[in-house]
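The first chain written gets the first letter, and so on, giving A, B, C and D; residue counts start at 1 in each chain.
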């Protein structure tokens, strides 16, 4: 078992004929993901990556391939938010938006639209998700992951890879690793993913990687109180000075909420062990698993 | 029993300080309806009709009175659609919009909004609804109604009164009479009301009053096929020439759908007896009840 | 409110929807002058509030100004299905390469605005809808959000619009939809939507209906109202007086309150063997003055041999209606029978007012219908 | 992107949001000239990208042009929390009767735009939010539909805005929200929102942040970018070069890929006893050139005593980063230690490239942090 994604998931790639889209579609396919089609308006009827058909619209792609997920590489200036809404309108159950730099107001509209359509959006500006050994949707390096009992959910890309490598190195594998992205407006938040891990029988422990800015970690902590499974957490940017922008738009400390200490306190209070250093995570997880 | 409305329903009146709103709020109160408050922006803290408090906003009115329904008399030019959305935003479960002449594009937005908020809108441009002997929300003359076993749903106001009078005259009373209104864009359609009558144990038969234009009667006929309770129907405007506008914006015969014959055929095929004349309805209902 | 093609195109231009260069004219001489200025081929198009102009000979192409004047002479004053042609639109000839159909309407059932695009342009779209519905691409705009870019894209691909003009077609669709919402239209039809030889996407014809209920937001559009070409002068007169009247051409005048009730009265008159002269709804809460005015209007129809009132008092008060009837009867020298069926609020007071007058009372609407049909034949 | 008050007010005026008459000046003489033209009382306000100007003495009222010039002389060139005042806004005095707070922000948790209105205007709103939250009326705009009329109405009633100016306040709110959306703002704050003695509702102060990600839609707003007043010239330089850099002032330069990873590296450096000189994220898929450029930028900080690279190859390839490091090291005459931790995609190739150079390899980020802190102290 796993969450959200497995071998059966049929994935289409929006902007598959672009540089990024094509490159990662190939890597996904090589990892074992069922990449059943691509979408690029105006390039319908082409075939890429040997046998992957390209369609002009998501609707057509879904009708012809039975896709159950979409991975979006459409550039922000090319209206990535519209691409998200197109997938939602076509009732694609799982939409993963890799695109970074989407204007916040576009995301406000897209996230609301996705909710209305009753489908799930992960991202934007996220690395995607992977069920090690089964399939991946996104841009994470597949080879560092190992199948195993730990669910990981994270706001940061490379930071997650670091956690995964450290876990894999000591022989602790992952059920599913979900990168929710670091933007202020997101389709899926910690609190949306945690219940899935809680319900997944194969997941025995969860690692939550947060960072400064926003209050998603505090909201997650509320939910963690009710969880039966152990959670290890890490907050990145704890030494960053207030009010400094750190790349992720989310990483702004504004006012009273979002301070790293508030997050650490909330997580500790909820019983989620907080690691001071990334290096400590494997040991902490190992202890909780045994 | 009854549907939608009973003695417990707590009603606020939007635009209660207006001529129409005030007049009908009084009539509703006299009929026995719990009129618990009114809303007119800028006239908060006044009291009207002896003991009915006026509020500036629907939200405040709901918070202070526990209202479960709202009756809207706000004029179209004063943004009646916004008044509908205000009630929906305040989570009023039943919104009855009496206002006529609301622009269609305003209603497109308002009806969609109401659905998103998960509440019910009846109208616009409707007479409202009445549970005889219990309560009424709207502008129908209360005294012509009698409690009894027949549910009535209608697109037309005065036509409904005619049906009610004819039924009451021969001693056939009504559970609830719902005037859904005659506009093209409506909050509630025949097919939304019929299941309520079907589920109401006291309702033994249903009268459906349609008219030319649109295809709501055809859609209703589909549902009637599955109903266990007998339905008598009537279509007004059967002799009206094609393409003539008959006051109700809905009453335009356009293209293939909406012709009176199509409606009659669909209703007949669904087993809903179609009355040729309003005068025939009481006999037909009597037969079905016995 | 129906508006003319030339008016619709004026609106379209305001929203940057490409249209052919054109000017409106009321005389053949004006048409010649316009054609001279345009140079080359022009189309002369009758401006009437009815479909099927083309088949009726209301649209003609002219190769030069002389021919344009001649064609205008044929079209101006022409009768198209009861509508007199008072104006023509003179348009520059366009180089038609492809024709499409484009329509935006309020879809009652969906409660949304529907956009339809089809490669079967220039044809009768209802026939296409009935026989080859797969040839019509459809999208429903999301309320508040409008027509989203991906929907426009999909419409273009699904309708099989020439990929070479995809960008132009998308701009056209966006602009048209903006216009549709901007002017509170309930219908906007471009048939045909033309792709020209040089790759332009342009509205060759245009039909726009404006929502009467939204006219309070568009006082400027009041100037577009043109009752002159209407089927019957009584319709125009009713509009001026603010009365909800539809001319139907029979001999029994019908006045009532509530559209459904009036329509049912029409049906009863028909069942009794008569023909309705009109539909007239005095609405809710009518005052005596409106009632008198309505009677006045109905009686100004020379075909009318009798008038039936069917009033169910609710907000409308029976005594007010009765007063209005007497006022109307007093004002005019009424020679035809008037049957009144009055019930509901203040029915007693109303009947008392009418007692002793020339007005014939009836108990039910069926009785009223039979009575007026019988008496109007006498 | 932060913009100045005078720029924010320019945008507000475009959207018909009432603001006081004002002009920007860079010299005391210009201030005097503006004050002469305005006549009467003026306010001279420092234009810097930092809050708390008022308390710092950056806002002064002058009764006449001479006084205005004098005040300007005090303010121009002043240092406010590390920001130098290069410009002042000169504004006509306004007759303040009431003060309110008005703020629009992107609410991350709700995923919507939140509007806040409070009668506690002119005060520190965060204090109000913490101590008397009931004094702040809030509404969340519906995505796609915007701020609905009833929401504006409710905000006004709930915030207790003077009923006499309800209409003006509603217009203000609507216009401000339109501006907020129109310029792709992530924050718009009017504090105080002023009701004047003659019943006008006017933006006495204005703060607007523009979404950097949306700048491609607003090329005209690029002109508003003002790095001159920024805390550190390196931040401005980074912006010009398109590098995601934040100056932090310590002695250890930090370069990595991915914001979360770079922040974690900051934390590790701190844990090892060092202080970060900067945050620098080369992002995903960086080429050698960007890496060299980044190193160049970090080394141009005279405080930097050592640089640590923390690279986790994913899209970013280890060999590209290694090439970039060598290129940078080759271009400059690097005197400080450089520790590189390189893993992930093409890590072997990357390490091979660095072998034999002055660069010090590290296995883990913890090791890298310890190593650079130790070496930068030598």
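The rule is short, and it goes like this: a residue touches a chain if its C-beta (ideal position, glycine included) is under 8 Å from a C-beta of that chain, and two chains touch if they have at least 3 such contacts.
A quick note: this is a predicted structure, and the numbers were derived from the prediction, not measured.
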**Item:** Set of chains whose contacts include both chain D and chain B
**Value:** C
**Message:** Between A-C and A-D, which chain pair is linked by the larger number of C-beta contacts?
**Reply:** A-D
**Fill in**
Note: chain D sits from chain C at a C-alpha centroid distance in Å of 56
**Whole-Å gap separating chain A and chain B, where each centre is the average of the chain's CA atoms** = 48
**Prompt:** Could you state the distance in Å from the CA-based centre of chain A to that of chain D?
**Reply:** 28
**Request:** Specify, in ascending order, the residues of chain D that touch 2 or more different other chains.
**Result:** 142, 144-145
**Asked** In chain A, what residues contact two or more other chains?
**Response** 109, 113
**Request:** Draw the chains as points, connect those that touch, then say whether the picture is a line, ring, star, complete or other.
**Result:** other
**Item:** Which chain pairs touch, all of them
**Value:** A-C, A-D, B-C, B-D, C-D
**Request:** Note which residues of chain A are touching chain C in the complex, please.
**Result:** 41-42, 44, 56-60, 79, 82-83, 85-86, 89, 109, 113
**Fill in**
chain B residues touching chain C in their complex are 20, 76-77, 100-109, 111-113, 127, 139-141, 144, 154-162, 165, 182, 184-186, 209, 211-212, 214-216, 219, 234, 236-241, 244-251, 255-256, 276-279
**Fill in**
chain D contacts chain C in the complex at 142, 144-145
**Complete:** The chain D residues in contact with chain B across the complex are 142, 145, 148-151, 153-154, 157-158, 163, 166
**Message:** So in the complex, the part of chain C that touches chain B is made up of which residues?
**Reply:** 106, 108-109, 111-113, 126, 129-130, 142-144, 181, 184, 186, 211-214, 216-217, 244, 246, 248, 256-264, 266-268, 270-271, 276, 279, 281, 283-285, 312-315, 343-345, 364-366
